[in-house]
Amino acid sequence: MLIKLKNKSAAAVLAIQNYVKEKGCDTRVFEGDTFDAIVVCGTDREHKVNAADITSLAESDIDKIMTTGYLLSSRAFKQEDTTFKVGDVTFGSDELVMMAGPCAIETYEQLDAVAKELSKCGVKVLRGGAFKPRTSPYSFQGLGIEGLKIARKVCDKYNMLFISELTDLRFLDAYQEYVDIIQTGARNSQNFELLKALGAIDTPVLFKKGFADSIDNFLCAADYIYSGGNKRVILCERGVMGLNQNHYRHNLDINSLLALKHLSHLPVCIDPSHACGRRDFIEPMCLAATALGVSSVLIEVHDNPPLSLCDAKQAFSLSDFKHLQKSLSVFTTATKSVDKD
Amino acid sequence: MLIKLKNKSAAAVLAIQNYVKEKGCDTRVFEGDTFDAIVVCGTDREHKVNAADITSLAESDIDKIMTTGYLLSSRAFKQEDTTFKVGDVTFGSDELVMMAGPCAIETYEQLDAVAKELSKCGVKVLRGGAFKPRTSPYSFQGLGIEGLKIARKVCDKYNMLFISELTDLRFLDAYQEYVDIIQTGARNSQNFELLKALGAIDTPVLFKKGFADSIDNFLCAADYIYSGGNKRVILCERGVMGLNQNHYRHNLDINSLLALKHLSHLPVCIDPSHACGRRDFIEPMCLAATALGVSSVLIEVHDNPPLSLCDAKQAFSLSDFKHLQKSLSVFTTATKSVDKD
Amino acid sequence: MLIKLKNKSAAAVLAIQNYVKEKGCDTRVFEGDTFDAIVVCGTDREHKVNAADITSLAESDIDKIMTTGYLLSSRAFKQEDTTFKVGDVTFGSDELVMMAGPCAIETYEQLDAVAKELSKCGVKVLRGGAFKPRTSPYSFQGLGIEGLKIARKVCDKYNMLFISELTDLRFLDAYQEYVDIIQTGARNSQNFELLKALGAIDTPVLFKKGFADSIDNFLCAADYIYSGGNKRVILCERGVMGLNQNHYRHNLDINSLLALKHLSHLPVCIDPSHACGRRDFIEPMCLAATALGVSSVLIEVHDNPPLSLCDAKQAFSLSDFKHLQKSLSVFTTATKSVDKD
Amino acid sequence: MLIKLKNKSAAAVLAIQNYVKEKGCDTRVFEGDTFDAIVVCGTDREHKVNAADITSLAESDIDKIMTTGYLLSSRAFKQEDTTFKVGDVTFGSDELVMMAGPCAIETYEQLDAVAKELSKCGVKVLRGGAFKPRTSPYSFQGLGIEGLKIARKVCDKYNMLFISELTDLRFLDAYQEYVDIIQTGARNSQNFELLKALGAIDTPVLFKKGFADSIDNFLCAADYIYSGGNKRVILCERGVMGLNQNHYRHNLDINSLLALKHLSHLPVCIDPSHACGRRDFIEPMCLAATALGVSSVLIEVHDNPPLSLCDAKQAFSLSDFKHLQKSLSVFTTATKSVDKD
């Protein structure tokens, strides 16, 4: 249950908090631009905590009591773009954040080689999968915790942040130890237990939209994280189901990017590598997304793409990446000129 | 990695097992109708265990070494329908298994009331959600472990089996203690860590297809469970994304049912309640699916549908359920006559 | 523009008719169960004929003035199932109408051979394509008008009705001469000029839903035909886009069948041959659709399927068809028992 | 049937032409970059003209005989981008062509007002619908031929080209008289009789992809036009079915744009107005598409959007349009810099 107030009223907040506490449940208060919102925590909330009671406590200050939909990730709650720092890197600002690295961490040597070059290019966030969600159980599943340790060592060496996908909560402690930004995959976009747990920690989350999630469902799911107290959430578009899988894996949906920027204050990212599954689509997709004002991109870069153990067809080489950076710098300048109009 | 042999060769199996053990990994052997298959376990399998080595060990007996796709859940591996017993109930046979109960377990009294009536109708499997995956974080999330305990008590009282959805592995021990059949939800159909863990236990699994899963991906995911050693898997169709969500929530896809029966030896189930989200669709969908040879159905029944805390619009009343049973018994007879032609 | 009255008022109808005639446009009046509806004909209707004027003429009798949506094909307009006769055949009744024949008319001999056998089986409607909408321009396109003439001869010989797809209005005269029921294809489901022209003639229309049409759009399109004055419209489901085209071409959507029966009074048909594109799906799909109360089916039957010039993989043989008939007769009996409950 | 030669052989072409002529059919020869292709015309081609005969005539020069798929619109047939002129305007070049105007032609005054301003902005192609394909039969259907005449007058006054959608072949003569570029709508993307007829005339065609057409089917359909002899075809992306119709009508699919540019030599266009159905999406979509190298855009501009009789929510105002032009000019410069890298 979420209680949306009409305005900012410390008295109403207090009255509701006291009431909920009496019933044996907890609250979490979120300060919006023009009103506050109170989330009632606890599983059996519907039974003890009563909407009619709450209404009677602060009727003139309550806008509505929500048991469906989303609020905290929306612009209704917070008009201005959310920006936040992770280390030196700012998400949600005008500065495009490039996150790059191999699909899967394979060996220390491989990751070190890629990180060294990316670091020289100015990349500050290294990506690399340790637990790989593969369609077939017989495919390479990643190095697991060992992979995280390798990546931590490499990132410390080059002073980079490390982003990696968490696939199950049993590994959460390790991720909190080794990873700077936790990524969730398209297949876990509605894994609500995972999202709740990520809401309860401090590590920032790059939250990928599922292949068949509507925007409304995606923002409901973002509220799962945000309402737990973790406000550092990056929304990531990585493609929707389409009719042309023989030509490209999924459709990177730039329409949903625009709509997300319109509906939500959270920073928006794209992952063109996984979306399209084609190396030659990556640069144009980055340019297009830059034109739309995306604030970060996640790109697979391998030191030797044909030897990649995973998703070889979509991996950029380091020289592809350098070309992309050059193109993007020209484009970013152009975007800024347009915005000033 | 999965090694598909061409035929049954104890010598080849042994040679491969020995080789893999030397490399520090384990194997699991599956006996097919006309050939065996060997799964190599362990995360870093691709590096130490080498396809070329294996081929050289038993070249004439190896059909292929698979690192993509599925095998164990397919008819290529096992031609005949798989049937298995859970308690007194047989899945995969000619006898239609009815699983029924409320969407969410709300109170002992509610569940007892439904179970008592369903039991009188001859229903032997009670469904009921304890952890509910809800689109909005502000909706009722279920009673959790407490719900499982309630259901266990009720099922023991009426001598019923209990089926319930597992949403996270942190609860697996409790499910093994209280639940007879573990259900996985559409949103977890590609949650591979969950599937791997379910492959490693003995409890049978009702495995639901996701809203946007292709049949091939669904069977790959079924192989995740089966290749772990748990062969009691029921494939469940619960609807795909469609164009008419204002009229019915998802499309129950009977085409995929037919294809699943064609491609896989595993028993097939439908969940028309969640698929369509409309009470009036449930009976005709059950009749249609019976005509196609489905061997079990999962139906939401509430003692007082309008008061249901969850999915009220789709819940059957007990009298709806009795009407369905009558209709199905006529139909099952008809289906059998047709089959004999 | 359509003026929906609240009730039956001859005075209101007359007043509106006179007003519209003065403005130089025509009206067409449709008698519903509990109210009448008046369609304003003519292309520039929005400019001369004015909603405010009409409202002032008969305010108390007007429910609403519609410039979006559908009405005439809905149950709101006519509660009872529409049934109608074409020759001896009744559509929309309890009696299942079987329409069968080859995908494409190839030669007189071929069509005569199929018709002779189908006629012996009691089939009263022969299908056969003369203008084939083929994905590739290099595929066989049908015999054209020559094909229609062949079919007419054959149908007269066996006292059958002839149904065939019209793909362009330039051929409308020929279809009115040679064809008993005009079929429109999925690709023309939103070809509104075609639908308007079919609304202006007397020949009954089997109207197929497009691969990606919502039910609401489909019923709007049905209103294009019905509002022109042609009330003998059969709604046909022939599959929607799906995720498993490597296994079956489209998803026959039985959910939409149920919804169409719920929303519309018009008879409902299925075409499992084109929907699924697999011979082995046809019989189970017919059984399933019968369970749902579909009143007619359209099936491709070829005297020698492997030699079919078009869609060979989905063509039934005559012996397949006989098997289907037997199964359906058992099922129809079963369906009727269920309905009486 | 299409005969794809392996190389350029005048002798083989002649031999095949003679053979086909003897059989009573015609041929049309298309000169590709490195080989020629021969289309056999006539409806009963499969019966008289025999693939085996043709093969025996010129075996060493024949690559394959196609009765499925597409060839002429592909890069396999013609590697270089096709560019062509319509009046002063060049399609397919580096110069972005802006086509703009109201959704529907409403009155002479309205169209004149828009055209005057657009002409001042340098727009050389005026769009405007005369026959509007509307979902509901009760919506405004356009002015018909009268609308075409109005537009012709206006275009002549401002020296603009006129583009308008043809919905039925009964109006083809009028379109050839009044229209400079014939547009086909998404709903007619598989209306093969329409496409065949457009292949037989000289007027250039802007050919829109359907909401649910795969790229392969779209290019097959483009071959319907091209193989008739009309080589001035512009491929237009105008959105695919998506999951977020409550936020934007269709998904403008920039992935398919990239793939079309990769697969086909024909010029590529976007229609962001109809795709998204939201005014605020139009400028960013144009910028994104420019980044991908699209060579023309089709935009709805109304002199007074809120009063538009049709699709008011998506219509640009003239000042929106001027803003877009400014932004695009900055971007086009940026795109060119990138290309030079």
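First chain written, first letter: the chains are A, B, C and D, and each begins at residue 1.
Methods note: a residue touches a chain if its C-beta (ideal position, glycine included) is under 8 Å from a C-beta of that chain, and two chains touch if they have at least 3 such contacts.
Keep in mind that this is a model prediction, so the values were computed, not measured.
K.L.:
Using the touch definition from the top, what's the fewest steps needed to get from subunit A to subunit C?
P.N.:
Graph distance in the chain contact network comes out at 2.
K.L.:
Averaging each chain's C-alpha atoms to get its centre, pick out the one most distant from subunit C.
P.N.:
So the farthest one, by centre of C-alpha atoms, is A.
K.L.:
With chain centres defined as C-alpha means, what is the inter-centre distance between subunit C and subunit D in Å?
P.N.:
Taking the average C-alpha coordinate of subunit C and of subunit D, the gap between them is 31 Å.
K.L.:
Between subunit B and subunit C, what distance separates the C-alpha centroids? Give it in angstrom.
P.N.:
Going by mean C-alpha positions, subunit B sits 39 Å from subunit C.
K.L.:
Which positions in subunit C touch two or more other chains at once?
P.N.:
Each of 212, 241, 243 in subunit C touches at least two other chains.
K.L.:
With touch defined as at the top, which chains are paired up in contact here?
P.N.:
Result of the pairwise touch check is A-B, A-D, B-C, C-D.
K.L.:
Any idea which subunit B residues touch subunit C in the complex?
P.N.:
Those residues of subunit B that touch subunit C are 212-216, 240, 242-244, 246-248, 251-256, 258-259, 262-263, 276, 280-281, 284-285, 287-293, 323, 326-327, 330-331, 333-334, 337-338, 341.
K.L.:
Note which residues of subunit B are touching subunit A in the complex, please.
P.N.:
The touching residues are 1-2, 39, 43-46, 66-70, 131, 133-144, 146, 167-170, 187-188, 190-194, 196, 210-212, 217, 220-221, 223-224, 227, 241, 309.
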